[in-house]
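Labels A, B and C are assigned to the chains in the order they are written; within every chain, residues are numbered from 1.
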Amino acid sequence: MKKSFFKIFGVSAILATVASQSIAQDAPALVPTDSVFILNSLLFLVGGFLVFWMAAGFTMLEAGLVRSKNVTTQLTKNMGLFSLAAIFYYLIGYNVMYPLGTWMYDGVLSGIWGVAILEAVGVTADGADDYGYASTGSDFFFQLMFCAATASIVSGALAERIKLWPFLVFTIILTALIYPIQASWKWGGGFLDGMGFLDFAGSTVVHSVGGWAALMGAIILGPRIGKYAKDGKVVPIPGSNLAIATLGTFILWMGWFGFNGGSQLAMGSVGDVADISRIFSNTNAAAAGGAVAALLLTQFLYKKPDLTMVLNGALAGLVSITAEPLTPSLGAATLIGAVGGLIVVFTVPMLDKFKIDDVVGAIPVHLFAGIWGTMVVPATNGDASYVTQFISIIIVGVFVIVTSGIVWTILKSTMGIRVGEEEEVAGLDTSELGMEAYPEFSKG
Amino acid sequence: MKKSFFKIFGVSAILATVASQSIAQDAPALVPTDSVFILNSLLFLVGGFLVFWMAAGFTMLEAGLVRSKNVTTQLTKNMGLFSLAAIFYYLIGYNVMYPLGTWMYDGVLSGIWGVAILEAVGVTADGADDYGYASTGSDFFFQLMFCAATASIVSGALAERIKLWPFLVFTIILTALIYPIQASWKWGGGFLDGMGFLDFAGSTVVHSVGGWAALMGAIILGPRIGKYAKDGKVVPIPGSNLAIATLGTFILWMGWFGFNGGSQLAMGSVGDVADISRIFSNTNAAAAGGAVAALLLTQFLYKKPDLTMVLNGALAGLVSITAEPLTPSLGAATLIGAVGGLIVVFTVPMLDKFKIDDVVGAIPVHLFAGIWGTMVVPATNGDASYVTQFISIIIVGVFVIVTSGIVWTILKSTMGIRVGEEEEVAGLDTSELGMEAYPEFSKG
Amino acid sequence: MKKSFFKIFGVSAILATVASQSIAQDAPALVPTDSVFILNSLLFLVGGFLVFWMAAGFTMLEAGLVRSKNVTTQLTKNMGLFSLAAIFYYLIGYNVMYPLGTWMYDGVLSGIWGVAILEAVGVTADGADDYGYASTGSDFFFQLMFCAATASIVSGALAERIKLWPFLVFTIILTALIYPIQASWKWGGGFLDGMGFLDFAGSTVVHSVGGWAALMGAIILGPRIGKYAKDGKVVPIPGSNLAIATLGTFILWMGWFGFNGGSQLAMGSVGDVADISRIFSNTNAAAAGGAVAALLLTQFLYKKPDLTMVLNGALAGLVSITAEPLTPSLGAATLIGAVGGLIVVFTVPMLDKFKIDDVVGAIPVHLFAGIWGTMVVPATNGDASYVTQFISIIIVGVFVIVTSGIVWTILKSTMGIRVGEEEEVAGLDTSELGMEAYPEFSKG
């Protein structure tokens, strides 16, 4: 009933209607400052639980794309990495990422190594850390989920041969130090931000960082046994459960509305909520563009559409739009996503040429599409510069390559990062955990 | 602590409490116009991501109810249809659905064929298309998800024998033209709306439209090989994974809170949010009613409860309440949903009598329960008329039967819509995609 | 862009920025009373659909942890129990839980046996039951989900041998009477609340109640055939699908943000939204603590991490923080959750010693961690007393033990609650439903 009413008569009629419902003549136009605080915090909470949900998306995607003999291990790794990220971002990462903010909040130089401290219970406007903006608790909750997402990216690429514990130790270093340090350069108000680097929700700060760490891990770890035949041929290793891999993709797609929309960081004004609406629409458009591009390209190249490419195409579309989900038009967002989808289809075989074995396609999706997304920002946002974007990608890339390379190398030479050959062939679920994911289903 | 406090002392005590917390004596009662815009847009965004989530629900439901040899195809179809719906609703459908609105927004007659255009970045109250209502971006996001849901309904019914590409071409026509044209008659302020037709969230506009298109497809496509034995017997073809089919049902149920609740289209007043609360409660009650009715009826008829009927019963309950989720009492909503559940149990065998092979039960759920839900509106809403409801159902039905019939027929005589007999027996995953969903699990 | 801007310059800069965007000099500080009503209702709606989602989480967790021959039955039970909970909480439970509130809302003593009645359609501020607080519809929706969650807890423990219908009859009694009666003692403003018992979101009121009812059921029902060998050894019976069990855990984790966050019961002030933010962060921290504790302890005890313990550890962490998710610091929340995780790892074998067969670990997770969470409240909340917490746990426990014991015993001696031996060995899906969940996958 209402739907049509609002729509037919357009602006003026709507104003009249709404007025008759709830806005008396003396209703004020402006949002009270308390409401701004509430709405901004609410954005972080809703955005935050949506990004949390991406942890489940990564888990299902990865569990679906590995062989059944490694599923339990992959599930355990994802539960473990998210939980450790939550703890170490609290213990170290949050304050490393926002040292200036911490200092200002406390009124004294509390140092960068303290744990995250939330506002007091039942805080009043006067006592809020950031009255006029949002609650510290909601900010912590939201930022934590981005840190955890970075760690999730790594786990898929290294599946089916990495040991559980060294992987989790790497997660600790990544979420306590590597991610927060580089994130502080942009989102903590550091030098990349000062240079004018633009990365709205983290094509570079989150996705490429996860991608570089995964790339270094994949190189140092080496490919799975049997992936590259002695004659140089690439042996496809199909995933065990494409239904849950597709579910994982839908979960990630859903969570991305919070990832990009929440990164508007404010919902207390007409302009902010209109921007969030643009971001939701553009994020969806880019995912659709990526999926369709991969669908068409695999049909064209291989004469058969490839579902795993379509899934990764949608994800690459999402990563591509993440550096700037606000300024593109819907059409531009669709095209930016579509190029992301094409990148995936073209670069998955390229990695195989270098015998870099990325089990789920995380490096093409998060690193390559992340670079693309970051580089295309100036095309729709006049404040961005191609040079600055490029330099920033390089700086972040070199930092993560070096630090994660060092950590992987140390882990390799101390704990060892790879299971034994027999264990790998038997499957990590038997050797590492002694627990199968699908114990009753006969393996073909 | 608070829970009891608020509850014990009732209204007056609550007012006192809240006052002491946040409302000083000079706090105004009325919601500022900026806040109304924010809250309405927020409703569309939250409602929209919940309806988006239904795409995952349809996908899991369908993937669970087809045989494992067709799962990858079903997953690919669903990823493809959602993505194409997003693109073509943007390119064509949105403006076809709201031509008047478009004209008024732009200030000139932009025509009905333009692409959807969102508000500018960082728009102010003065510059918003619809200040006093909600952001265009949030409206587009929300409406797009309804269009995509319509397409999702079709895919389940035609599973296990339709070719991928003709199906996707049909999706394009459906989401660019068929759905938006008829939706404009009601929600775009067209003649059905003028006649007084009531369809709150789309029992007819969305669900029956998907249902009619599926029915025409199922008739023109014909039944699966082996579904109807030569002696006339119906051969049950069990789904391959009832766990994910159940998950899909829960996802759809969850998404329906956004589908119906968001269709209130406003959250900026006491009355609107109270109405949304009624809608949430009624939507849940109807789903519960449908599930329990199907549970009891299958126990009674077959001496054993039938899970797939229970799942479809819940969904039919949801479809039944969608035409009017606001005016019924909780009890009436439960009963309206329960009748929907009964309809499913009775009409699934009826379709089989006509040898119309609907793989997932989409036609009983979305078409038959959709008609029921639309026809029962006058029972609880005095503004509705049985005659108008009936005539509107017929008009929409004839339109979709004719247009989708023409499209299916053209597709059949050009691209062909059905895979070959050998391909169907082998499974579409092998023949169409060359990729199995569960490659390691031996088939019994 | 904004992210860094807000963060670098701290409080004063942020105030300036926001002001330039949306807060003119004459913007009021305080939230209007209408907005408070809207925001509080919105909290219940968002919290409510998140807690609804937990029904899917329980379903997937349980479907993943039973053997494939019992999956369809487990799915049917969960669809049935949720739907029946919705109907009987509406018919009886809601008014039993809030008799005083009902009386005050109606202005007359409507009695405690009436059905739940929502506000009228399009209610105005003057006509709202609880203007200044929230809509009745949103409260009903939210409270219903808690009742249903209590019933979900029971179903997992009793899986693989209980008959469908007696289980559903128990659900009716539990959701119409047992849960609401004891909940009224605390949340309906009854004597436990008067005594000063604190249970923020229901470690005792929800989780221990489900746990006690499950415990009584498990004792009266007896263990599964083959679970305890004649020589006294415990025979592990692995779950059939750990991927969906993990998905279920993530779903529950996500839903818990609504469970605990929504239990703040108000979002219309700076203090309330800051508290909700604390609750979200603490809830997440406790889950992470529980998961990591179980991961480390199973590695230490068994030399191999145990995924099902990690999943239950996360859930136990969530249950542990539920009695008081607001007052702990992030560190305290992590530790409270971690102890919950340890409790699960230690008490699962303990139950086995008593030959109490809890298929999914519901009793350790919901009962034992629920007691722990309730008892630890005074450690962070000065208003709580160890004695009162202890007495309240005992009172609720005795009530549920006695009432559920009586109901189970009556059901056993009338309908019978356990399937026959042959049926149990063959699997309930064949004997009770005649429908397999995974009919095509050969069982090993």
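As a working rule, contacts are C-beta pairs under 8 Å (C-beta built on N, C-alpha and C of every residue); 3 or more make two chains touch, one makes a residue touch a chain.
Because the structure is a prediction, the values reported are computed rather than measured.
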Practice prompt. Please decide if copies subunit A and subunit B contact each other with the same set of residue positions, more than half shared, or with different positions, and reply same or different.
Written response: different
Discussion item. Taking only the C-alpha atoms, how many degrees of rotation bring subunit B onto subunit C, rounded to the nearest 5?
Written reply: 120
Worksheet entry | Distance between chain centroids, defined by C-alpha means - subunit A, subunit B (Å) | 29
Worksheet item: Out of subunit A, which residues touch more than one other chain, so two or more?
Response: 22, 28, 30-32, 34-35, 46, 241, 244, 247, 268-272, 438, 441-442
Item to complete: Flag every residue of subunit A that touches subunit C in the complex, lowest number first.
Response: 22, 28, 30-38, 41-42, 44-46, 48-49, 52-53, 55-56, 59-60, 63-64, 71-72, 75-76, 78-80, 82-84, 86-87, 90, 98, 100-101, 104-105, 115-119, 121-125, 128-133, 135-141, 144, 164-165, 186-190, 193, 198, 200, 241, 244, 247, 263-266, 268-272, 383, 432-442
Practice prompt. Over in the complex, which subunit B residues touch subunit C? Could you list them?
Written response: 1-11, 14-15, 18-19, 21-24, 26-32, 34-35, 39, 46, 50, 67-68, 238-244, 246-247, 249-251, 253-254, 257, 261, 267-278, 280-281, 284-285, 287-289, 291-292, 295, 299, 304-308, 310-311, 314, 326-327, 329-331, 334, 438, 441-444
